[in-house]
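Right, one structure below, let's go through it.
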Amino acid sequence: MSRAQVQGVVVARARVAEGIHRLTLKCPEVASSMRAGQFVNVRVRDDGWDPLLRRPFSVSRVDGDRIDLVFNVVGVGTKAMSSYEPGRSVDLLGPLGKPFAVDADFETALLVGGGLGVAPLPALTDELRRRGKSAITFLGARSRSQLYREHLFELHVATDDGSEGHHGTVVDLLSVYLGEHTVPSPMIFACGPTPMLRALGAFAKERSIPCELSLEGEMACGIGLCQGCPVERVGGAKRYALVCTEGPTFRAGEVIV
Amino acid sequence: MSRAQVQGVVVARARVAEGIHRLTLKCPEVASSMRAGQFVNVRVRDDGWDPLLRRPFSVSRVDGDRIDLVFNVVGVGTKAMSSYEPGRSVDLLGPLGKPFAVDADFETALLVGGGLGVAPLPALTDELRRRGKSAITFLGARSRSQLYREHLFELHVATDDGSEGHHGTVVDLLSVYLGEHTVPSPMIFACGPTPMLRALGAFAKERSIPCELSLEGEMACGIGLCQGCPVERVGGAKRYALVCTEGPTFRAGEVIV
Amino acid sequence: MVTTSFCLRGVEFANRVFAASGTFGYGDEVLDLADPSRLGGIMTKSLSWKPRDGNAPRRVVETASGMLNSIGLANIGVHAFIETKLPTLRTLRTRIVANIAASSVDEYAQVLTLLDSQEGVDAFEINVSCPNVKEGGLNFGTNVDRTREITRRLRPLTQRPLIVKLTPNVTHISEFARAVEAEGADAVSLINTLVGMAVDIRTGRPKLSTVTGGLSGPAIKPVALAKVYEVAKAVKIPIFGIGGIMSAEDAVEFLMVGASAVEIGTLNYIDPAAGGRIAEGIAAFAAEKGLSDVGQLVGSLKADLSASILQSWL
Amino acid sequence: MVTTSFCLRGVEFANRVFAASGTFGYGDEVLDLADPSRLGGIMTKSLSWKPRDGNAPRRVVETASGMLNSIGLANIGVHAFIETKLPTLRTLRTRIVANIAASSVDEYAQVLTLLDSQEGVDAFEINVSCPNVKEGGLNFGTNVDRTREITRRLRPLTQRPLIVKLTPNVTHISEFARAVEAEGADAVSLINTLVGMAVDIRTGRPKLSTVTGGLSGPAIKPVALAKVYEVAKAVKIPIFGIGGIMSAEDAVEFLMVGASAVEIGTLNYIDPAAGGRIAEGIAAFAAEKGLSDVGQLVGSLKADLSASILQSWL
């Protein structure tokens, strides 16, 4: 994990689902050192100071010297990024944060993504496969059109509107699946909106399945300088952990989501 | 002169000389009502508040429902404008300000442009020709490569480095020209950097040639609201005139440049 | 339909969005670009007894998400205002709030008395951010006693709404608000600009002719909100919230922290018709929330006051 | 070669660019991203006697060209600092300025005394923007008597440079600078953040858990420059200028108005290596101007002081 401030070069930009964009950047430094679950902090514009702060994005996948970012347009920063043209250089800090615990003691990874929480799962899938571990993926989205499902395996889908797969939440879907299948030595890896992570944490605790959650949170720096991204710990000497350096991945039960 | 807040659409962008860009906007409202010497106030970016204020640019030329802006990159606003893509819509206030006095009592217009002061001269040339008045144009630039000379007639050039035409200032060039030629009932129309305008005003006064100068100045609004753009008057009850509404064109001798 | 109007001392305003003084001329400059009837009212450029030339150029400087100005209260004087501007303003379907600036308490009283005798002036806003010639140019607005004195002097001179416009360049703005409330002001408006400056490093000179100037625009919105919040906790009279409002959402923030109305300043330079759009945007927001009156937004912030950083660690 | 170093109470700093407290951690967080030897020094995160958890989330909010924070001076406490941070900091080729925060005058003295006994602490910066528990949480820094008292108490306790960091949230910051100068402070630093707030209109709640917070970033630069200018006219001790510095040009503005050094704050979050680049940019600017010492820029502003808007019309 060697962090650096580097320039990525836009190689491609694509609309990959309704409102969802994928930006492919040539960035050998991050590509070579990054591990699934880590993120990059993007300076969205280099002229003017509004917006001021960098924007954090999970690295979605590594392919040679390239990295993918997958995001939806929610505000000024992601809007700017959604119109980057190939050739443009982008100032990045990364890779940042603690990666998923792919080397933990488990056989089958249950990957759970809600909405844009799918972003880091392709990279995670690749790392798991390289380690010979199996992965089953559960994706939740509002609707079929908002599903990003590339580079994922053994995919199970839940949609809020029932337009594809299970009609309901992705946590329900996982619960149903585990009722019907026996999974050897499972561990959950999840990324998505806070309510989903909260429900999933409770579910995992109930079933005694080890579970790692990737949190989001407002970040001013992403590199441990500002103390702006606390998440409350459960027990321990320190009350808060920093999402940017001690996370974004945490064991469920370690923090209060 | 009917001002409006309108959306122009970028039709073309070209680099027309060293560091000089021309933006062609489809903007029927401005094109139909604007007169030479007037300007538009451009909102350079619609996301984020830095830069905050609009940027004023002379309308360089009207062609049907299109207008040209000619500018060089000096800061964040003009940098952004220099990469506008065709199809982009641009928020404009205009036409603004007092046009050149093309209907004043003269036969031959002596057009004098220094640097980007050339910008409004093509439109002025067109208006003069439509009125059957003749125009002789004098352009000054640092170097040959920085000359923008399209849509101008009877052109005489001065460069600081002597790479084309008269080696010296455009005011010198005009002086030489008037020494060698007899011009019937002349009037000077000028736009350019302040030192040039100052020299030209003095020259015109000495020769008793009527002279109109187009001034620049920091503008917060361009529409008479902020009182931010004063120029000192010579005599009169009010000490200051507003460049944005009472100018940008002023008779030399009317204001202290 | 959501109610947008509100009353101040018996004067009804069509909605809660006003044009801030000095950012909308006298009200007649941009009739071709903005429809004043969509506003609750227009605060005029500050008026003094005699015309004022204003400061030497350079008067405006752009800064990050803001601007500095040093106009020097350039204005045509109250007499020319009455003769050349008021007749037009009377024909506009909006309220006219005359903003007054002066360099002595007497001058404030003189200008107000003259304007009070006119038809078409609906209310007064007193700009206390002015130099007191008696005290060598010290700003009235940063001295609570002088601010109180001005209010005390002006209150009996008019039956129209009297709004005192406060400067943010003080330690506890709520002290000033309390003082003018006690003297019978009908409302306070805040904030005026923050003192700021900028340097041209090529010449080694200040960019503004007066060295320092007033900072406005979105850069100051967080400060303005905190000041309005402080004042809202301190007084019962209505507050006109001002500072960096660029959208209906921004305006709603001010209403929620306790402003009864808002004034749009710097935005008028960029988008002179924005005020009307903001008024409509506020009404739409209220409607979406199921409210019957925009006034229900005022002071609706759900906040644990005791947690305010004014009493906590930064 | 242009001289970049300068001295304060006999301590030499390699250049005039520092990392501002709270924006560079304890100095050891980003050794992989920024080379501290390119800085004049690092102001540590504010240290208190006991560790502090800091405020509940949400702690940061982006604003137009700025940000609000309400960290609550989260820190590991002075003992953990000495044990876990100082050994590493001693090995860095830069100066360490320990920034101290406290909720009583005694606590300031306690923390300073303990740090003064340590090797590797080169100077002290006293953050007076802290709530005084004795006065129900009133901010020390907005009360000139309390600010004076802290300085008087601390001055005799150390022979190292004592810098008092002033808050801008006061009417006349120069009063505070004069008070601490009179008590023997070696320098003042300013500005700390401006009080500001932001509202989430969807929930109707303040965005920050503490309602209000501190505004920093380029938005506040004009205010910071004006405050430094005001203080520079009032005191003879050196000033550390802080507030929205994003480039060498910005830093030169601060030097010209009278700062002897500058601190880089919010920019570290965006560009942790910027401080070093700014130090080099300042030196290059001085060289271009034909100066032999960056110090010649300090206070070089050519300005007619009497024209300052503090004494004129806005």
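Annotations for the structure displayed:
We just call them A, B, C and D in the order they show up, numbering each chain from 1.
As a working rule, contacts are C-beta pairs under 8 Å (C-beta built on N, C-alpha and C of every residue); 3 or more make two chains touch, one makes a residue touch a chain.
All values derive from a computational prediction rather than experimental measurement.
Farthest from subunit A in terms of Cα centroid separation is B. Judged by contacting C-beta pairs, the busier of the interfaces A-D and B-D is A-D. Mean C-alpha position of subunit A lies 36 Å from that of subunit D. Between the Cα centres of subunit B and subunit D there is a gap of 47 Å. Subunit A and subunit B have Cα centroids lying 53 Å from one another.
Centre-to-centre spacing of subunit C and subunit D amounts to 33 Å, using the average Cα coordinate of each chain.
Subunit D has residues 63-66, 69, 71, 217-219, 246 in contact with two or more other chains.
Residues of subunit A found to touch two or more other chains are 48-51. Viewed as a contact network, the protein chains are fully connected, with every chain touching every other.
On the subunit B side of its complex with subunit D, the touching residues are 48-50.
If you check the complex, the residues on subunit C that touch subunit D are 52, 55, 63-66, 68-73, 101, 103, 129-131, 136-139, 142, 169-172, 192-199, 201, 203-206, 208-215, 217-223, 225-226, 229, 244, 246, 249, 252-253, 256-257, 285, 300-305, 307-314. Those residues of subunit A whose C-beta lies close enough to touch subunit B in the complex are 45, 47-51, 76, 79-80. Residues of subunit D that touch subunit A in their complex: 22-25, 29-30, 32-33, 45, 53-54, 56-67, 69, 71, 74, 217-219, 246, 266, 268-273. Residue ranges of subunit A in contact with subunit D, taken from their complex: 2-5, 43, 49-54, 93, 217-221, 223-232, 238-240.
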